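Heads up, the next two complexes both have chain A, just with different partners, chain B and then chain C.
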Partner chain A sequence: MRDLPIYLTMMLAAIRAKMEYRVTFLFLFFALVTFYLGQLGTVLVVIDRFGSINGWTLGEMAFLYGLMVFSQSITTFFFASLVNFEGLIMQGGFDRYLLRPLDPLPQLIASQFEVSSIAHLVIGVSALVYGAAGTDIAWSAGKVAFFFVVVAGAVMIQGGVRLGVSAICFWTMRNRSLVHILVFSSKEFILYPVSIFNYWIQVFLTLVFPLAFVNFYPSHVFLNRDASNLLFSPLIQYATPVAGVVFFSLAYLLWRAGINHYQSTGS
Partner chain B sequence: MTGALAHFGPRRRVYPSFFAKAFQRELAYKFEYFIGVFNGLLFMFIFTSLWEAVYAGPTAATGGTAFTREGIITYAVYAMLVRISMTQEESGIPAKVRSGEIAMDMIKPVNYMLMTLAETGGGTLFHWVTRVAPIFAVALFAFDAWPPSDPLNWLMLGVSWVFGYLIFFYLNFAFALLAFWFVETFSFQLMKFGLFTLFAGGIVPIDFFPDWLQPVIAFLPFPSIIYVPTALFIGHIPAAEAGSLIGVQVAWTVGLGLLCRVMWGMGQRKLIVQGG
Partner chain C sequence: MSEGPLVVVDHLSRHFTLTESRPGFWGSVTGLFSRATSVRRAVDDISFSLEAGEFVGYVGENGAGKSTTIKMLTGILVPTSGTVRVGGLVPWESRRENSRQIGVVFGQRSQLWWDLPVRESFDLLRSIFRVPEGRFRENLAELDDALELSPLLATPVRKLSLGQRMRCDLAAAFLHDPKILFLDEPTIGLDLIAKDHVRSFLKRINQTRRTTIVLTTHDMDDIEALCERIVILDEGKIVYDGATESLKRRYVREKGVVVEFHGDPGVVTLPDLPTVRVEGEGAKRRFSVPVDSVGVATVIAAVAARFAVKDISIHEPKVGEVVKRIYDDPASLTRPEPGP
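Let's look at the complex of A and B:
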């Protein structure tokens, strides 16, 4: 904790580096919003045509999408440097972090800032506000508090995915295709209610690769949806924080094991 | 003497390392390949699941379009195959412009655009054999989406795929050439990709868009890339309309081809000004 000022300085430097060219920055932001509106557009078109997706109305789908993108924004803010971890390993950039007398993980977290984090924030908050307004969520103090706990859990799950995928790099040196499929393609699963998939995929997205906790399960709490048909138990709608802690811990153990392995080869 | 000693000293251990590294390299390569194939099937699975759920809904029936449940599943599978069958390396030209390496291509006595097209086409053909064919084979059984048996559908696919691919190529080429005028082209490509995702028909067929939006989309080049070849192939669009749709594709191909030519010429002059 006493090293916190160092990390904050690093983070501010990373943000300033990205903001140096104002026009480029604004243009990239605008491009990212267009890009994500394209993705969101496909969902909107389907709802516009069919009224709902598996019983989820426009407002509910907006909330589902908002929860995913908002938590992704915070995940990207902290874990941006892990997307191209392969490059850091291949070119030896990671050794620089190991040489400093600080824990490499917080250094990595503070070393890079992505504009997409802000684009996600704007889109995520807009979708959440629109979804909440369209579904008349009765916000109580408990729900507001639970919202932040859920976001923390969702960030731990998505951050855990990035950390675990990066850790694999310590053994394989390469992980680009894994990043592509596990960090990016996999989000397509939770763009829609997980209930559209067959039973075993739902089990997979709950117990093995727990993306269903990012937005699908907790949305039942906020939207007062019937949780009696959820997998295992209706209580699963409250389980995002637990899933986040467990999954991130496992990813962190893999990361530690990976670093030890990396040191021992001396490459 | 030292050479002989090396066979007994600690350095002998490097040879198993070379062995292991080469093995690891090959393994990583194979792994990349299987992940790529898996990724295509994953998207097919997600979209077919989506349509199954949507069409099982109480309000649905067919959403007022000509797509039946089987029809939309077939569409989802073949639209994804068409999407996977078109590949392009996009970062090449901007990187070459930035490094100045593009000058070496300019002095070659060949048409650079056609050279790039030929190279991209060769890569795409390889991609067909290694990626598209296995994904197609698995999809046949996994999603129960058999192709039409009428040779006319295959012919329409062949012709419209070629023009769709040319439009796809020229569009990407034009966006890459923006590198002559802008330092950073990633944002442009991102925007293009967003529009492509939404309007090319790779995920949602154009029929599902609101009625007021459909005529607007018809004026964009994107539907010609995935929607037209797919819809003609699965028989969603009757063969009688094939002529006019392929005519639109030809017009886009010629128009974008000319645009690329003009941009290339202008960019070449612009680059010389900078270099002087």
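Let's look at the complex of A and C:
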């Protein structure tokens, strides 16, 4: 923690570096906002047509979506450099993080700023506000506090996915296809309430690849939904922070082991 | 801190498992479990040690294992077997502490921030290594003086030429006063003047600050100009480790004396020195002197006594020629030396 100011300085430098390419920056920002508005729009149109999905109303769905995108924006802010970790490994660029008196992971976190995290933030907050307005949630102080704890847990789960998938690179060099499937395409699973899937997929999304904790379970708390039919125990609606800590720790262990397997490159 | 060598390398090996990586999702999944593999012994059981203040040339042909060794000494790679101690630390176990005492330059790859001006990279390194402001300014002034950095400081790294970038990278490796510098081809792609700058800079810090320097290069003139000691690597094994001078002495049984006469002396012979060969014709002749049996001074005296001499130059053999002979025939090093 003593090193925190250094990491902040590095992050600011990364932002300045991105600003060197101002046009790309703005272009990307608007492209992403448009893409996500489109995604959100599709969900809303579907619900508008059917009234509700598996008992989730329009506002509730927007909240579910908002929680996913909001936590994703923070995940992207922190773990952007892990998306193309394969490139860093293949070109030996990871070398330099091992040659400084700092821990490699926070250095990586501070090494890249991703414009899409701001785009996600805009979309996520809009969806959350829309969802909160469209339902009658009573926002007690406790709920607000729990919201931030849940977001932290959700970030740890999504960050853990990225970290674990990156760690695999230390052994296989390549992970691009895993990134596409586990980091990006997997989002489709939690676009809708996980309860629409069959039992085993729900178990998978809870115990193995715990994306259900990102938005589905904790939404029951915020939306005062009936939790008695949830997997295992109604308490699972509160378990996101625990799931986040456990999952991220496992990913971090894999990562630590991976670093000692780092091969660098021949040239 | 314990006395004794600054760097100790003991039976160090690093093998690489070469695999066929299969493309696609299933490729990366199945790749986790089964692969067709073969093993390359990039570094194969090497041992040596370095005293503080030494300037060592680490040479060998492409793929000999030089960079791999440096990566283990700097903590990037974990070896397959063997141990290393750098200033008492095991580099890959204490990466953070180790990084404070070493400076590293990989000529092929910059450690600087690609999109930021050089000056900002330096500032970042200052915070990262916690260099006190005053010390930082002193170092930067000295580096600027030696490497002419001032005109480059405001330029983003990606806009620098190779030679300019290399000078900045060298400076960057030195900002935190490392005890040891590991330089992996720091003169690659430099023009003659830039090489000269870099060489005199390295010589100076080695002498004035007693910085220990390990230099990998394919330019034997670098070695000739800088390194008192040379370690030669061949297919992952050390084939020579010793003084650069004695390597030359061992290999070089002949020196050349080139003499320019006033006019063509005709047939030149030295009847008293039958082992000295004479080559060439006209006013300029070359005498090959077998140094084991005849002194160069004797030859010069004998020539000067018989002919009108205008100019004399002595050709010392170059390390490069010697090393090339070793590359061509590594076994020649272990063959018993021929008697005088």
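Simple rule for what comes next: the second predicted complex is superposed on the first by the 257 of 267 C-alpha atoms of A that agree within 3 Å, B and C clash if a C-alpha of one lies under 4 Å from a C-alpha of the other, contacts with A are read in each partner's own complex, and residues count from 1 in each chain.
In this section, a residue touches a chain if its C-beta (ideal position, glycine included) is under 8 Å from a C-beta of that chain, and two chains touch if they have at least 3 such contacts.
Predicted model, so just to flag it, every value in this text is computed and none were measured.
Superposition note: with chain A as the common reference, chain B and chain C are in steric clash. Contacts of A:A257 after superposition: neither chain B nor chain C is touched. When the two structures are aligned on the shared chain, A:M90 is found in touch with neither chain B nor chain C.
When the two complexes are overlaid on their common chain A, residue A:L4 makes contact with neither chain B nor chain C. In the overlay built on the shared chain, the residue A:T24 is in contact with chain B alone; chain C does not reach it.
In the superposition on chain A, contact of A:L235 is made with neither chain B nor chain C.
Within the superposed three-chain model, A:L37 lies in touch with chain B and out of touch with chain C [touch as defined at top].
Within the superposed three-chain model, A:I181 lies in touch with chain B and with chain C [touch as defined at top].
Of the two partner chains placed around the shared chain by superposition, chain B is the only one that A:V46 touches, whereas chain C remains out of contact. When the two complexes are overlaid on their common chain A, residue A:I196 makes contact with chain B while staying clear of chain C. Annotation: chain A residues 172-174, 177-178, 181 touch chain B in one complex and chain C in the other.
Taken in their complex, chain A has these residues touching chain C: 5-6, 9-10, 13, 16-18, 20-21, 92-93, 95-96, 98-103, 168, 171-175, 177-178, 181, 260-264, 266-267.
The part of chain A that touches chain B in the complex is made up of residues 24, 27-28, 30-32, 34-39, 41-42, 45-46, 48-55, 172-174, 176-178, 180-181, 185, 188-189, 192-193, 195-198, 201. The residues of chain C lying in touch with chain A in their complex are 16, 21, 23-25, 27-29, 31-32, 63, 67, 71, 74-78, 92, 95-97, 99-100, 102, 104, 106, 108-109, 111, 113-116, 120, 124, 127-130, 156. Partner chain A is touched in their complex by these residues of chain B: 24, 27-28, 31-32, 35-36, 38-39, 42-43, 45-46, 49-50, 52-54, 56-57, 59-60, 63-65, 183-184, 186-188, 190-191, 193-198, 203-204, 208-210.
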